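Take a look at the structure below.
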Amino acid sequence: MIENPIPWPHGKRCCVSLTWDLDIESGLAYRHREKITDLLSTRSLLRYDSTVGVPRLVKIFRDLELRLTFFVPGWVIERYPKTIDLLIENGHEIGLHGYMHERSHELSADEEADLLQRAIAVYVRQVGSKPKGWRAPGFTFSSRSADLLVDAGFVYDSSLMGGEIPSLVNTRKGSLVEFPIDWTLDDWPQYMHNRDFDFLMQIASPNRAMEVFRSEFDAARTYGAHWISIWHPFLSSRLARLSAIVELVEHMRKAGDVWFARLEEVNDHVRALMESGKWEPRVDQLPFHRQSDIG
Amino acid sequence: MIENPIPWPHGKRCCVSLTWDLDIESGLAYRHREKITDLLSTRSLLRYDSTVGVPRLVKIFRDLELRLTFFVPGWVIERYPKTIDLLIENGHEIGLHGYMHERSHELSADEEADLLQRAIAVYVRQVGSKPKGWRAPGFTFSSRSADLLVDAGFVYDSSLMGGEIPSLVNTRKGSLVEFPIDWTLDDWPQYMHNRDFDFLMQIASPNRAMEVFRSEFDAARTYGAHWISIWHPFLSSRLARLSAIVELVEHMRKAGDVWFARLEEVNDHVRALMESGKWEPRVDQLPFHRQSDIG
Amino acid sequence: MIENPIPWPHGKRCCVSLTWDLDIESGLAYRHREKITDLLSTRSLLRYDSTVGVPRLVKIFRDLELRLTFFVPGWVIERYPKTIDLLIENGHEIGLHGYMHERSHELSADEEADLLQRAIAVYVRQVGSKPKGWRAPGFTFSSRSADLLVDAGFVYDSSLMGGEIPSLVNTRKGSLVEFPIDWTLDDWPQYMHNRDFDFLMQIASPNRAMEVFRSEFDAARTYGAHWISIWHPFLSSRLARLSAIVELVEHMRKAGDVWFARLEEVNDHVRALMESGKWEPRVDQLPFHRQSDIG
Amino acid sequence: MIENPIPWPHGKRCCVSLTWDLDIESGLAYRHREKITDLLSTRSLLRYDSTVGVPRLVKIFRDLELRLTFFVPGWVIERYPKTIDLLIENGHEIGLHGYMHERSHELSADEEADLLQRAIAVYVRQVGSKPKGWRAPGFTFSSRSADLLVDAGFVYDSSLMGGEIPSLVNTRKGSLVEFPIDWTLDDWPQYMHNRDFDFLMQIASPNRAMEVFRSEFDAARTYGAHWISIWHPFLSSRLARLSAIVELVEHMRKAGDVWFARLEEVNDHVRALMESGKWEPRVDQLPFHRQSDIG
């Protein structure tokens, strides 16, 4: 089914990247800046990300010997340095996820650039290196985003939705490896029910959610795709759900031919393929049509 | 269950038309004309229609030896001529689907007529013939639509929802064969989750969606109905979903008594039945009651 | 589980009333009076009620030897006299369902009274007798509704949601037998997906909907309750769904101890029990608290 | 999976608290103060709480020999004293649930304090003692709520969502035991469908809802957590749903190692553990960040 299939390393059939967005309260703070201090119940739900979620994930995936990718807003890095340290100490990757879970299409050009710089500064201070990977908060990627990211030295993005294997996005200033995602592998549509986010899903059982995630994996394995979860600790590290994830990972592992990799590792693989001439990804020129083309 | 059942050709028991709406970015452009250039993530999702979806569908259905019907807005035909060529070369039918996925009840009479003319001109230029079939974008069919379509030489419509077999809609100016559809066989309620369209469904697994589509097929076969999918490449050509569709098609095929046909073929069949006097469809006079009748 | 259980006739264990709301276009006309003439696709969907739904139901339930209760707005009775005649000829009951599917809490006292009189006049003219049974459109039952219904000679209502067996509602002017219903046995939450009604459910498969309806029946049978469907021909008489309903009815019938009855028959039974002193229903005084009690 | 697991009494593996919110009409009255008297159908649905729900629950759980926790608004205690008496006589716990199901973040500081005092006064008058336990209506817990509760002598709260075992929340004035809950064990997302609450879920079958509740229980038992339902009699004491709950309770009981306890009992257990030094809960300082920290 996949045109121009990407060769995975060591003869593996497909690639699985377990990525998590660690938003904690940033999205609520962006959305309800004035009244957030009076939304303690939702705040406690989101803080579960760091009080319960991350330590649990660290332990479980240490036992599973798997390393994860976390996308984290700068605002969160500033406020939860120990959580970030814990992740780094355990070999997990930290990508950047905006400053305050801002929605880029609601920002002016200056605001978008300023928040990115602010987020990068926080990241560098805490992590000790510049960020390589980006996921736009709420998957809001503006016409300016790619240029800003290239300028800032990012090497990959994982915010767009145009496929099932890595591609390349080109801007005037350079290019990024793109790891396309989809709401299908996000846990919000299965589990999120919260009035303060105006997001009222009928909560699915873990089995029912895994049916969605697992059918995507089974097809990814059959056809050689890149399967990328977009999970959130406050939703998916609850006991029953994380137990179901462990079962899913064991199902993936039993296949014996799955490459589990953090996105930065996949980025290295893609770039090595390109440099050696062994494989060329699809290239998309951003920002697609200009306004004058829409008409 | 069906009054006045239609005889299908070659003694087949029912008819299956696999129709797809190829909207790409037209609906987003209509809805968010000003800010679409800053909605890159949703744009990339929709462009999957052409970058991944259509080539994949062409290949899979070539292998299955089945030909499909695509409804395409003029705006899309203008911008994706190669995609249209690829479909035509492979024997798929191109119906018209508005100009910019406009919602007809939001338009004035002049706007509706102008957009139709604009879409037809684009179609003729690209396809080389006048369009025969129409599906109203968003199933928005105004009191003027039927007259406009008859005037423009269309022979069938597939936008209304009044039954499970072909019928005839009459206007002052002439008539159209009507192929009634229903949201039940649309993939949006099963899979679509996107804030920019304000459409947040809990994403179903492919099995769960197929349960809906397949139960409709099983009943269609039992009772001799016309089963018409309304699918979208960016949703239903994802790996896991298209795999499930292939299984559904094999289930249909195994029955041995299903007529797979593009809508233009079904239109020819219906008209031949009528001309030969072998069968008369139900006739609906449009536009139903007048405003003064509603009161 | 049921306090004060009602004795059903002939030693039956529970009662099943298959009731249908035949709204056709009335609700759309009430909601979109100005623009309805340009909503042809939704109109065609709703008109399926009469073009396809009712004739099909009449035939299927004739074969099943079961009689149904239909609640019909006056506006519909006026416009579809043959549909009403067909139902009556086949022994189905016609209850009243407002005039134009109006929502009573949006009306002034005078408007509510006027629309009721208008609906009754239409009913009497077409049916030849005064209506006995009422179901409030949209289950909107105002503080005035019960008085108006008693004054107009109605003997029962089926709009409230306070239980699983018949009860009595008292007003200053008299009383009505009340047959309580619930959204659980309504087909809208399972199947309705339509933008013009701003009602976008993820469409369930017939099996999944029947799981809801059947679990309610199994419990009704175990505990002696009154199971009352609230179905709509344009949704539930589609081929696959009606096939599933026929299976459900066969499941009910196989039990051997279910009393299938139209609501007017159940009304007669309840009143006979009360008059003979064999059973006393729960009595609710309407309209519950007064405004001054709410605080 | 659980850091710092709590030892349950008598060597039990996990704890189950069956808690119910008995709102009756309070939430509707708060939301629609002016027009509630014309919303009789929704009112009858909510009144089922007391006319059918509570008596049924009392009987069923008497047979099961289990005692429940009910959170009740003051407005409801005032209007339904017999319902409260019935619960108390049967050993069920009454916690406070606001005065009128108000949403605390919509209130001024004075209003919140006044409504709490009003609710406490009603509680004391009816129950004969001061309330110990609190659940914020709609899980709306303001920055002031904890201080107000400590001042008023409450000993525990069950409104926040930060975990799966009891914790402690500290304020300037003292501390409360916190029993964290989650929408996952609430019955609204599974069953609630009502326009007057603007809450339109696709109604799940009891089996499907139990799949959610039971998977949470199975994980709670495996890992030693505190499973807390948030159910509503008008939804979950319907025949089919309560039958499914009875089966779930039997499943829990068959395990043989589950501690069924009202929240006040769990509170006593937690405090005894702390006093004896056998276990220390996680402590959260409320109200988390200050406004000035959000930035």
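Annotations
All chains are identified by letter, namely A, B, C and D, in their written order; residue positions are counted from 1 within each chain.
Everything that follows uses one rule, which is that a residue touches a chain if its C-beta (ideal position, glycine included) is under 8 Å from a C-beta of that chain, and two chains touch if they have at least 3 such contacts.
Model, not experiment: these values are computed from the prediction.
Under half of the residue numbers found at the chain A and chain D interface occur in both copies, marking it as a different-residue contact.
Averaged C-alpha coordinates put the centre of chain B at 35 Å from the centre of chain C.
Note on chain placement: the centre of chain A and the centre of chain C lie 49 Å apart, centres being C-alpha means. Among the residues of chain D, those in touch with two or more other chains are 201-202, 204, 208.
Taken pairwise by the contact criterion, the protein chains form one closed cycle in which every chain touches exactly two others.
Chain contact summary for the complex, chain D toward chain A: residues 1-3, 104-105, 136, 138-143, 145-146, 159-164, 180, 182-184, 189-190, 199, 201-202, 204, 208, 211-212, 215-216, 218-220, 222-223, 225, 282, 284, 286-291, 293-295. Of all residues in chain C, those touching chain B in their complex are 25, 29, 33, 35-45, 47-48, 51-52, 55-56, 59-60, 79, 191, 193-195, 200-208, 238-240, 242-244.
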